[in-house]
């Protein structure tokens, strides 16, 4: 009675493989639904008179302003300039934040010695540094870059500091017992543990950097989308201004999509990703 | 084979660490002030003979400090700012943890809300403020709102990630023992995510301070940030520097308070992480 | 009571799929004590997780008291193989044991009593206020056991629960589980690698094949109901069963599968004698 | 003077350099109506004729312009006179090289005015005790509004000034968040279109010929580069005169650096441009700044002038 | 080779201090295989962690080859009791095993060979590209063993390394460790709860008392050097040793301590006979 007849080769099941992209598509659809909800809200609020359409125009007006914008070459120049400033600033902040964070976080002495200074420097708003930035670098990209790096560096640093602290003691002991070199330990134990924190840090820093790129351009006058925004604002071109706001918002969404994509690849082992990709 | 009288805890062992702990308090203090003092010294020396209008000597800045702040500005400018800061921060905390937990628990909700949230997150506050003013006016409510909406992101993001990363086996344990949703939330999800929530809360603190300043740059008539901007505009540069220093000090003090609150909340976590690092 | 029918579990991952359980069918009566042995990586943990409703099976069903299991059922306690990770690091030992009782709605005084008794029973009465990470591996495992014991479940699933404790403690805990079983009439599924233990504890021993898992044999343990560490283990029937199960596990380890027995060309088939253990409750591989 | 319609860039250069070796200068300006003259001048090639290769750097506020000029990143900048007076009072060595723009003197339709939706506010005196939005506290707006209120018999110290960007003011008035707002063009026209009425044209009321803004550089730069400074000063003055003489062209140039709605652009008032600094007005502004505690010591504005 | 002198370890925490190890003194010669048994929570793990230089002792010293140990020494491999947490979840099985070899500076081809051999030896040749969390508990433990084996250490510390594997695999792994020991002449410290295992493997068995730990007895295992699962376990000397060690562990569990033997008023003292194991390398409870 205990004999089993059901044999059948180990199923390299094809069904789930088909299911996965569909699930991802479903997710994208849900996200789209979220955006559409917001769009509908922005369209309706002014139309229903909840807000004055002169100050918050309906989405359709913003959108047509955006369409007009997108056709001008100066928009694309500005767009490229903004992206450049943003990308360079973010890259500097990420690299510096991660390196400094891992070094400081791994050495208890450094961690203790720098804690108060970090807490002192962190809350100083970049906007208060504008005169300094201008003084040091004029109004070119570098001045805005200074603000961008200053603001987003702390985001990364703090995330990395906490991430480094999260290393499993047993994993750390394993590394030590096999006498991993400091650098190997940082690379193979500390870094992967901190990675989920770094990804969050990246997402935070990416938007902070974007915000400061735009703000810097807006206030200092570094060329870019922010400068267009400043002009639109000064001229009372409301729809046109919101069109640019939409562009920055979309940039933010793109950054997040990118971060999620990266996360799915490099954090495959992490419980959060594991659970969500498991059947 | 000498027999030691057996007591579970060696009495000698209990006094020594207490002394050590007392010593470490002084050490901790020295650690905390060491680097700042060095940096201040460098600043002092480097700026000593400064002719630059925008980089006055540190000596001059420090000399301006008392007259600038201690003659009424603390109550007139700093306290209102701090009030708005604290309220905004608390709102961000509640909102961030609440929404973050919901999003972290439900992949569907996350898929739905994330792009829209990311959209708003990427919009610079200086651009958003005019819109917010339409709804909330120009006074305290608006500023509190700006602080809250800016500071909520690190908390929200970290909470989402923390909740997502809660240990599987613990999760299973909780379902097996059929913990009620409320208990599960309290004892499993929030506690499990607390290290990361604290990270976010820490981040948010400095962001809140930054946004306090930014919100006071628009439609303001008092506040620490407002005062700094005023100094900056009226070319009262040493005064502006004292304001920046004061901002930093506010940051340090708030972070000390934060640490005092964080310590008991995360006692288990630090204990866990340190338990095997040296055992003492 | 418990009815596992045609259970199959395939793990999917980006790199490919792993068929952990091929086809399991068996029943467990209420109040029965069933031990499960099988080679490492066979799918024992997977089986327990399916039974406890934590893992949806790929196909087949698990029913408990006539109800199809789709989430963790009421009155069940599980001791996980990853005992260390199943303790809440932010709760003390005491709180860890108490938490499920609170959820069950047991009054404070009663809770106290249950917690104290359970900790006492596993030999941890002196560390109630320690945190799990301040304990040794074996002590952590005993906390997990105490939690399950204090919960007084109807059905108790244990996954190698004594792996990290010393021989003497292990014997004590074995007797504790049997005492609990007697006292509460709880249904127990007990995964172990210790063949002696499986026979000492169980009324039946389910021997699993290697992955993908099917049942090799369902061995009935015809030992007297009152067992004790000395006499039971010296019983000749005990020795016979041990040898038999050991033999089965060894075969499983070598890759022997029941279907090999009917497949004509396989060497080494047929060397598994039909056993007396195939009671009415077994329907392996239907 | 100037070269008429400036059609031929190579025509008789009044500057010192030949066309081949232009001196590059950067000027920090704001994207507002008040700077129309320099945009027009650049467009017409007036600066080229003076041997200057001008780049106009747009900033949103004076906050970025003054440091940039002080640091030498910009050679010249545009600022309202009160800011310059404040800078001077703090010992910042600035020098006015050309006037910027002036009040039209028209108390009914100047380029800046206090507007309100509140029908009960009709005279400046009514502003006492009210909330009034200005773009920058302790600056030209608060000073002139206070002065107007006092002239009308109100108590300026009871006005609650709040700070807000010009673009946000029409909305704030509309929604009643502020009782009144001091706005400049084009927002003045926008606000008026939205039903706000002018309470007072504060610039024109203070002084019909009030100098609002100026182009400046640092004293060091003026000393070190007297020729470039002179060239810029000359070109600027020429541009100002040109703009004043060709108001339609000045109005049209707006679309090259702003996004003002064409309707608004047509309806709005243009400022007055003139090549002569109004020294009386400057001193009066300094005195008012002292009076309303924007600065804490008397400033002799002649020191600001070359 | 290894010299532990007056070792004492007290864990400090906010809630109080726990004296885990009171006083341990013993030596291990190069190339010796020493097993350590003792009740759960005795301090075995603590001892290993002190020896490996991961945990600073409260007092006393550990020296290896004449050098005082202050950090993990060269050429040491440790299999941790928390095997699951000692595997890096972000690396595949293969990478986990390979990483220490890379650190050691071993060439690629040689690394491949070592990794493949080690995985083969522990029976995991078929899952090199899985992640640890895709494996069963026993498989994870075997990965940790494979990592230590592939490392070819001079000194190998193992903390209950076979707790999660089935009986047959356990026997295979025991033979694997002995083979490795023979082949490389590595010094092995092996913590286990399985008394049979300790005798089967060791040249000496250190029996520890309950917490705070001292050495109860250092039992010499006078069994022939070539052992095999069948004959060795049937050796009468094996049975004698097993009974003796079992007796000791049971006593330890009941709280018996060597100092009780000399304390005059303690009942049950004196019932521990001086054993032949007190060789020149033992100085328990100095």
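Read from first to last, the chains carry the letters A, B, C, D and E; within each, the first residue is number 1.
In the analysis below, a contact is a pair of C-beta atoms (placed from the backbone, for glycine too) under 8 Å apart; a residue touches a chain by one contact, two chains touch by 3 or more.
Not measured: the values here are computed from a predicted model.
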- Message: Following contacts chain by chain, what is the lowest number of steps it takes to reach subunit E starting at subunit A?
- Response: 1
- Chains touching both subunit B and subunit E: A, C
- Strictly by count of touching C-beta pairs, the top pair is A-B
- Note on the structure: Taking each chain's mean CA coordinate, subunit A and subunit C are separated, in whole Å, by 47
- Item | Euclidean distance of C-alpha centroids - subunit D vs subunit E, Å | 84
- With chain centres defined as C-alpha means, what is the inter-centre distance between subunit A and subunit D in Å? 40
- Multi-partner residues in subunit B (2 or more other chains touched) are 54, 130, 134, 167-168, 217, 229, 232, 271-272, 275-276
- Message: Two-or-more-chain contact residues of subunit E, please, as numbers and ranges.
- Response: 11, 13, 18, 49, 54, 82, 85
- Spell out, as numbers or ranges, the residues of subunit D touching 2 or more other chains. 63, 67, 70-71, 165, 167, 171, 175
- Task: Give every residue of subunit A touching subunit E within the complex, in rising order.
- Result: 168, 170-171, 173-174, 176-181, 184, 188-189, 192, 195, 268-270, 274
- Query: Within the complex, which stretch of subunit B touches subunit D?
  - Reply: 53-54, 129-130, 133-134, 137-138, 217-221, 226, 229-230, 232-237
- Query: Given the complex with subunit C, which residues does subunit E contribute to the contact?
  - Reply: 11, 13, 15, 18, 37-46, 81-82, 84-85, 129-130, 134-139, 142, 160, 163-170, 193-195, 246, 249-250, 253
- Message: Quick check on the complex: what are the subunit D residues that touch subunit B?
- Response: 62-63, 66-67, 70-71, 83, 86-87, 90-92, 133, 136-139, 160-165, 167-168, 171-172, 175, 177-178, 294-295
- Task: Enumerate the contact residues on subunit A facing subunit B in the complex.
- Result: 26-28, 30-35, 37-38, 51-52, 55-56, 112-117, 119-128, 131-132, 135, 151, 154-155, 158-159, 162, 165-167, 169-170, 172-173, 196-197, 199-200, 203-204, 207, 210-212, 214-215, 218-219, 226, 229, 241, 245, 248-253, 255-257, 270-272, 274-276
